[in-house]
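By letter and in written order, the chains are A, B, C and D; residue numbering begins at 1 in each of them.
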Amino acid sequence: MKLKHSLFTRRQFLNGILGGWFGALAASVLYPALKFVFPPTREPDQVILPFSDCEDMKLNTVKNFPWGSKPGLLKKNDDGSYTAFVAVCTHLDCNVTYLSDQRKFFCACHDGWYDESGTHIGGPPPRPLRRLILSIEGEDLIIKREGVE
Amino acid sequence: MSSKGQKMGLRSWLDDRLGVSAVFGFLRDKKIPQHRHSVWYYTGSAILLFFAIQMITGFMLVFYYNPTLEGANTSVARIMTEIPLGWIIRSVHSWSASFMIAFVFIHLLSIWITKAYRKPRELTWISGVFLLLISLAFGFTGYLLPWDDLSLSATKVGTDIPRSIPVVGVWVTRLLRGGDDVTGDTLTRFFGFHVSILPLFLLTILAVHIYLVQKQGMSVPVSDEKKGKKLKELPFWPNFVYREMVVWLILTGILFSVAIFFPPSLEKAADLMAPAPEGLRPEWYFLFLFQMLKIFPSKILFINGDTIAVLLILLGIIAFFFLPLIDSKPAEKKGKIITAAAYLFIVFAVAMSLWSLLS
Amino acid sequence: MSSKGQKMGLRSWLDDRLGVSAVFGFLRDKKIPQHRHSVWYYTGSAILLFFAIQMITGFMLVFYYNPTLEGANTSVARIMTEIPLGWIIRSVHSWSASFMIAFVFIHLLSIWITKAYRKPRELTWISGVFLLLISLAFGFTGYLLPWDDLSLSATKVGTDIPRSIPVVGVWVTRLLRGGDDVTGDTLTRFFGFHVSILPLFLLTILAVHIYLVQKQGMSVPVSDEKKGKKLKELPFWPNFVYREMVVWLILTGILFSVAIFFPPSLEKAADLMAPAPEGLRPEWYFLFLFQMLKIFPSKILFINGDTIAVLLILLGIIAFFFLPLIDSKPAEKKGKIITAAAYLFIVFAVAMSLWSLLS
Amino acid sequence: MKLKHSLFTRRQFLNGILGGWFGALAASVLYPALKFVFPPTREPDQVILPFSDCEDMKLNTVKNFPWGSKPGLLKKNDDGSYTAFVAVCTHLDCNVTYLSDQRKFFCACHDGWYDESGTHIGGPPPRPLRRLILSIEGEDLIIKREGVE
């Protein structure tokens, strides 16, 4: 049935109303559902360690610290300086370990190798290890994510 | 008269309401063709057997298992040591999973090679591939639950793989992990998939699959069909069912023997901060994919090697999925390339698995 | 030709394999009788709506809930405060459960009063009572999961009730509790029932129930049937389905509004050693049973009062279950006693519930 | 088909073999299943408290102690003697509390009342509170289940 002066048939009108209603409902239901299922994960902006804990590290050794839910590795270089890495292989996310005697980082999952500066030198890893930015303020060793002021 | 009459009365009373006489009549008249490939017909019911065992032992394990960072490993240890006969239940659940997946592979390969997926059984095949994927998802989520070093690393690797898929990949990883990293939330979520979400999917698709198999009857292999002569047939009831029961008894016996003599071990609880252990290996049915990822070069031209590997695997799954549309010849035609591809796949998978095991 | 022809081609391709044209044909020709009691026909699909909402929100909550002594209350608190919009999901799940059970009661009472359970719908009724019991089991197990003082005491009482049943009772209590007392194992076990075991039972029986309803068509109330004249009928598709959709939209709107404005609270974590809190009350749908147990004298003659109360309740459930066999008159006969019993039950249940609420 | 000199038909024989096999299998499966689903729960035989903890309790007060997974109540009577109860209502298993001012035990679930000696005096409870047996050995207050030596 089409009324005079109407652009729609009654069926089109009803379908439009119902469809629009369902669409709006679906969207308003989907939004909280997605928010809930994909909660935001916050990587920490910075982690603060007491510097005294790291001062007496031997040269060419590493120390574990928690970087959010991932492990971080603080490495004391041969010149006494420090470097910090996210100790997670850039290939498929396994935790790496530092082999002091070989001066290499090693990921046991797929035989991934990095040299002591974190550059990938063997196996499947496509990128170097992620570095974190270090600064010492008073008693504290402050470890920051790149790009955080 | 009286007892038999009453029995008939109850049957017709039930049938008036349920309308199941059609089903019983169908099963009474159902015939199973007999030929030299008939043995593969038993793989389907073997899968059902192992799945039933999985359901029952799974319901039981759920009574004591805690899907939390603190409780997972401890509660499995408790099941193994404190709960009466808990180690057997866990061992049967673990072994039955392997048996089930092995039979799913055999079932699909036999159908691939005998070309039973051809018209009109395209949808039966596709639902079967769905069931394979759900079974693998069961295996993958279940592997994490004891929460030891090996299972944690395997899960980190497994859930990171989708990330290589452009655009959607990172969201798949986040959906699986409940965040950017594998944490206690991942464990809780995997448990939810394993005990609550996947069972419903599997049962629904299984119902469709079994309906389709019944509706279309048993397929006869190309080689036997073209001889033109009438094949011998075995009545489904009781002859075939009795034979199936014998097969079930033998398989149950093997399963329980293996489960009792080789219970799965339990390593110490996983530590999210510890380096990945050496000798990391997923369950045996993922070994060939694992090895493939391991040997892929990190860069091919300018593209990330993993991305290519993952896209190749994805392509393989899609091709497998749509096999009946790729090979859409009539049922009675031969298909040498398809047969060769099946054997090639078997050789490839076995070789890669062995390589991974021996290296 | 081309587009429409392709569409027809795909449909017949699918139909050749799936054989669903019979189902579609059935639904196209299905008619819903119109009379002054037609409104009750909508309660069935309302239950399905709430059940679907329960499934979806339940799958989501399972991602974050920890069924352990330490984790239960904390993880619900986390869902309420930390997970984005978690409080809405929990609130919808909690309210939708109440709505669903309310509609299950209305659905069954309307069938009771209109005598729609009579021949040939006896099994439909019995499967419906099963579904009621499973729904109540969902409610009972779900009530414990937030693990606060009230839910712990309600569970202690609820799981102790079967103990009064001679011989088997104590084993039922042990099965529910996972031991002689309510402990963390009870919580883990209730979670297993709630998310893994009960859903499979409910879906299986629901499938049978819906099949039976379709097979037997809609029942017409006695009062409208005996007038002899032909009733007006509404086509199921699209007229009735569209009306159902409008009902769904309204109910969803009400549900979400209530859920957003009245989210359920969360008390502090339960302590197994603390005395029972005052004002203990189960969910509203158990109130009348709770009040009944409360007012029953401790001894009747020489027998434990509880045992009698529990056996009475059990007898009531069994009578309810076998209602179609107790009232086996032909469909067109009136049944004044049965109708009176229904109203009596409603008055009794409401009165007991109010007494419990106001005391 | 029935062989000469055979007491069974072949069908009976096969059914018997298969049925027996299934029966034996079912029993051997059911046994571990039931063992697993109904684990034995052990009520403790005894609980030992340091007596020093209870010595300075006031008259007509109670002290909580864990009796397995249930609460126990140690009550100091007016004459300075002690009594111990399992603090669980005999009606439907709720935990009871002691109201010092009324000298009664009270269960809030269904309004159950017990007097100070644990006898049920009001509401639905069918039996008195369960008593435990007390003895003092040196520094220890030993609380035993009835019937345990």
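Here, a contact is a pair of C-beta atoms (placed from the backbone, for glycine too) under 8 Å apart; a residue touches a chain by one contact, two chains touch by 3 or more.
Quick caveat: nothing in here was measured; it's all calculated off a predicted structure.
Farthest from chain B, judged by the mean position of CA atoms in each chain, is D. Averaged Cα coordinates give chain A a centre that lies 44 Å from the centre of chain C. Mean C-alpha positions place chain A and chain B at a centre distance of 33 Å. Inter-chain centre distance (chain A to chain D, centres taken as mean C-alpha positions): 51 Å.
Residue positions 63, 178 of chain B are each in touch with at least two other chains. Among the residues of chain D, those touching two or more other chains are numbered 37, 39. Interfaces, counted as pairs of touching chains, are A-B, A-C, B-C, B-D, C-D. Residue ranges on chain B touching chain A, taken from their complex, read 153, 156-157, 159-161, 171, 174-175, 178-183, 272-280, 293-294, 296-299, 304-306. Within the complex formed with chain B, the chain C residues making contact are 14, 16-19, 55, 58-59, 62-68, 70-71, 120-124, 178, 185, 188-189, 191-192, 195-197, 199-200, 203, 212, 215-216. Those residues of chain D that touch chain C in the shared complex are 37-39, 41, 43, 64, 66, 68-71, 87, 89, 91-97, 107-111, 120, 123-126. Residues of chain B touching chain D in their complex: 56, 60, 63, 82-86, 88-89, 242, 245-246, 249, 252.
Looking at the complex, you find that chain A touches chain C at residues 14, 18, 21-22, 25, 32-33, 35-37, 39-40.
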